[in-house]
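Okay, so chain A shows up in both of these, paired with chain B first and chain C after.
And now, the complex of A and B:
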């Protein structure tokens, strides 16, 4: 059934349909709408889930680690500072091979306090062992959340569904919401491969000596690799049932393009408009939308950019002292190709600033008219800051 | 997807060994412990009632046990639940959150419930002792002394001059405050404990001499029944009488004439009782007080209800002269002015030259009372005299020890102070008989509630209460996260229109449901109510359940001393101390 939903509620609908059994969260803007409606579902009996109130995000993830260890399906949502506070336990969740699913609404980190979109919070969790999926619109959010449970549970790794603050979390769009029967068919109940059971006491996560630790980590690495294949299988199953598919990357008009934008999140939607305009002017331009950050779809990126001359990576994030983080990832993916496109890095829309079609066009022309990047990252649309005495 | 098809089987750290060998208790530098403390209400109660525990039991529906807990410290719950000035509520920690717990109403409820179901208390009683004790006066002090002495195993005979027992409770308090059956129940209970009461037996000096041969001790609690003089001209007119005598006639069943205007001189509870009784008999009552309303020793609520019922009040006036004028009297009043402060009340002095006259039909004096006879007062001097907080012990060279108590020795003349006096006398005599004179003071000191003046018979008799820390729990020591705002129960009362028509009891009963809700409001300061928060919050699973009275203990082999249990204890029944090195 088609409904008009805000991005936050698209997540919540998927969580409800996935029959999650334990939810825990600590409220933080711009995530709060997600758990607010979920708590309502729990209260009204629309979900048979236990909603755990906690005093912090750190406790929230700890609670979910405990709950998930008993073999139930779990969910949380957070944002910005909240995700940062969870950091220690994000490593734990992945190391303990717990298929927790989280919605993470990108929010800029303080100080200065800023509740608007910025991807640095989720990208800073890149190495925690969580699968990360960046979504473009409400429909993708709902579909990806449903797929996330299946993917997480099959590879035993946690998944983070990432949404732009406000542009996606608070924007209403028509979203096709599948029926419970359809979802039940796609997503069977969780069958844990291990669980805490008082009848058979054991402890998870004890001391592990160097003799075993490395292999355990290697198994997580293998599971991440496996996740790429599983993601394709799950998307195929989903497409067969619902006729929608996104891919780890989506290449738009890349076949004959000389220059390709690399985008994530809602910037992709804006870029689709710019693409139409530029194509109308005869420009040979394309877009490569990145959905998966982890596992990173290196092969797919190489494949799609094989004959491209230049790429313009739009980063709504920054790694101080280096460059935009997606630009780093793309450079790393391409550098071992004998011939590869030149990577132009652009930083735009930090802390919730608009990334307008005009700005994206400027990025295009700057990329087209330069032979080599002037810098690893060019900050777009900066205001002149006058020192105040 | 099944495991067989999974190319990457899980390789995870799992252990089947126990971590018991790692005695994490060795990391501890703070030491949590169960440490029940003292509630401020119990310190404020002159009878030292274990209020925090009483309310805890009541909140669990254990009404009999709650009532028995009162009886261990006070044989008059039915009376005190009605007429006590409840200083406990003034010290209730809950006042800082919303309003004090309605301890007074709950005491009455528990007594009413016991009466309604004919419950017989089961109380600890010592085996019989050889000493016999005579008690003179069956008022609250004498009966309390007899009650506690018989608990301690002594044979007690009470001698009462009047035809019935009860003293001021029987003859001095109007029925609308204290119905007869409420009083009789408490008295019968004292008798059921094994106390014999002889009524109509005034003890003359001769009789006392005979008694001294038969008894090992005599408790004198004859009370203050004789009025004081106003020292003004015309005071001896027949229209001028004692308020207490008026109340006594009423309680004897007479209907003294009250038509016209009766002036009542005084500001204490007797004055208010007289004024309100006059109104009930169809007369007009004019209350004359030398200070201001807020300085009255009478209970504020009593004053408020009196004024509602039509009693008129004139403040800052003192009687100067009384004269007959035909069939009425003219009372000359000296106007008073405020001349400073006296322990929170106004000190007043005559406003020279300012007098006025009121024409009235009669005057009731209610300006205080004294002992009926000087011999009821403890002797002066300090030879063989031991002055305690509520009693005076006199030990002669021969004969039994004499103990003076109740109004004769109490600074504050109240029912609950009379109970305190009886209890102190019982403890002092028992200690004297068992351990000697010198042991009395230290023994009493060991039985104080907290570090206040109140004494606990339960502590004296070696009950669990003696294990409590005397530290009085402060509001800041309560974890108020566990207590929401809950309105205090409203004591239901007769409407003022109903009140003035008869001597029906004004305060109505509250239901068991309301009583339980109200008792749940109690923080139970310092007491464990087995809420299990310590057990639930302990991150080291080091709180272990037991079958003893405490219900649990701490396993110090593994307790790391984080203190969570202490912080999460809602009622401060635990303490965290530094580990001794």
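And now, the complex of A and C:
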């Protein structure tokens, strides 16, 4: 059934349909709409789940670690500072091989206080062992959340569904909401591969000496690698049932393109418009939308960019002392190709600043007219900034 | 009944506790009282190591090791999942040291008991960060040497009164217990198991390594802590009803202090002051229990 939903509620609908059994949450803007409606669903009996109203994001993730280890499906949502506070336990969830699913609404980190979109919060969690999926619209959010549970439970790794603050979390769009029967067919009940059980006592997560630890970490690395193949299978099953598919990357008009934008999240939607305008002017341009950050779809990116001359990576995030983070990832993916496109990195839309079609066009022309990048990252749309001594 | 409980064993002999470890004695008694339908949440503490390294475990119940500060929160999740699975019988036990309870795990503990989560939180108190090498915690008593309160910088601050903090949350059951009073410890653990909601037991668990005492003195020191009113045995129901379980013959605290290397720097004057502090606390407790008007 088609409904008009905001991005946050698209997440919540998927969580309801996935029959999550334990939800734990702590309030932080702008993810609050997700857990508010889930709390209401639990109260009204629309979901058979226990809702834990914990006293911090750190305790939130700890509670999910406890619940998931006991053998039930779990979910939470957070943003910015909340995600940063969870950091230690993000490593824990992945290390304990727990298929927890979390929605993360990208929010800029303080100081100064800023509740608007910026991807640095989730990208700073890159190395925690979580699968990360960046979404573009409400439909993708709902679909990815359903897929996330299946993927997480197959590879025993946690999944983060990432959506832009406000531009996606608070924007209303028509979203196709599947029926419970359809979802039940796609997503079977959670069958834990291991759980806390008094009939079979085991100790989870004890002291592990160097003689065993490294192999345990290698298992996680293997599971992450496997996740790419499994994601493909799960998307195929989803497409067969619902006729929608996104891919770890989506290539738009890349076949004959000389220059390709690389985008994530809602900037992709704006870029689709810019692409039409530029194509109408005869420009050979395309877009490569990245959905997966981890596992990173290196092969798919190489394949799609094989004959491209230049790429313009748009980063709504920054690693101080280096460059935009997706640009780093793309450079690393391309550098071992014998011939590869030149990577132009652009930083835009930090802390919720609008990324307009005009700004994206400027990025295009700057990329087209330069042989080599001026810098590893060019900050776009900056007001004049003075050096302070 | 008591014989039946004493005969069952959930701590294997292969554990790696130090000789005379009070925390290990405490664990044995508590698990005997709780039985096999128990799931343990074990935040970082001495017991994270005492259970033994992967793939071994000295405990015959399911254990989830947890991050240092998450004892209350992880247990909340385990309980929630059990409830969703229709298992209301299994006891969820958080087993934490004083660092994980008084200090880093304080917030998660307060959060869990404010929500009146149905679980038992046991703090075994050895009065410092023993696992990392005897650093001071907010449970370290006035007068103690630790590796971070050395020489003239011995701890000149009172031990946090964790029991009264828990009582202030008005939870169904809070008690103190000691490895030197096993009958009392067993009874309180069983009572906690049969009570719904949040339960907290504070167990005095001597540490020969950190307190600089001979290992065979472990139980004796624990007994003296009760006899001198340094660690009174009492329980509080619903945050209001105080019951003092043991009325000692007012032994002098200096006898307890003189036996321990961690207090050897204290002068007679210091000990007099400590005696006064202990007397004050005891009077306050008697007052709360209605034994003084």
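Just so it is clear, the second predicted complex is superposed on the first by the 384 of 389 C-alpha atoms of A that agree within 3 Å, B and C clash if a C-alpha of one lies under 4 Å from a C-alpha of the other, contacts with A are read in each partner's own complex, and residues count from 1 in each chain.
As a convention for this text, a residue touches a chain if its C-beta (ideal position, glycine included) is under 8 Å from a C-beta of that chain, and two chains touch if they have at least 3 such contacts.
Keep in mind that what you see is a predicted model, and the values were worked out from it rather than measured.
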Chain C versus chain B on the shared chain A, clash or fit after superposition: clash
Partner chain(s) touched by A:156 [first = chain B, second = chain C, both, neither]: first
Touched chain A residues, chain B compared with chain C: C
Which superposed partner A:194 touches (first chain B, second chain C, both, neither): first
Partner chain in contact with A:88 - chain B first, chain C second, else both or neither: second
First (chain B), second (chain C), both or neither touched by A:280: neither
Touched partner set for A:208, first chain B, second chain C, both or neither: both
Touching partner for A:50 - first (chain B), second (chain C), both, neither: second
Clash with chain C, by chain B stretch, listed 3-11, 21-29, 201-209 or 237-245: 21-29
Chain A positions touched by chain B in one structure and by chain C in the second: 201-208, 212
Interface residues, chain A side, partner chain B - complex: 96-97, 154-156, 193-194, 201-208, 212, 215-216, 219, 222-223, 226
Sites on chain C touched by chain A in the complex: 36-39, 41, 48-49, 51-57, 59-67, 69-70, 72-85, 90, 107-108, 110-112, 114-115
Interface residues, chain B side, partner chain A - complex: 1, 3, 6-8, 10-17, 19
Residues of chain A that touch chain C when the two form their complex: 21-22, 24, 48-50, 52-56, 58-60, 62-72, 74, 88-89, 92, 196-198, 200-209, 212
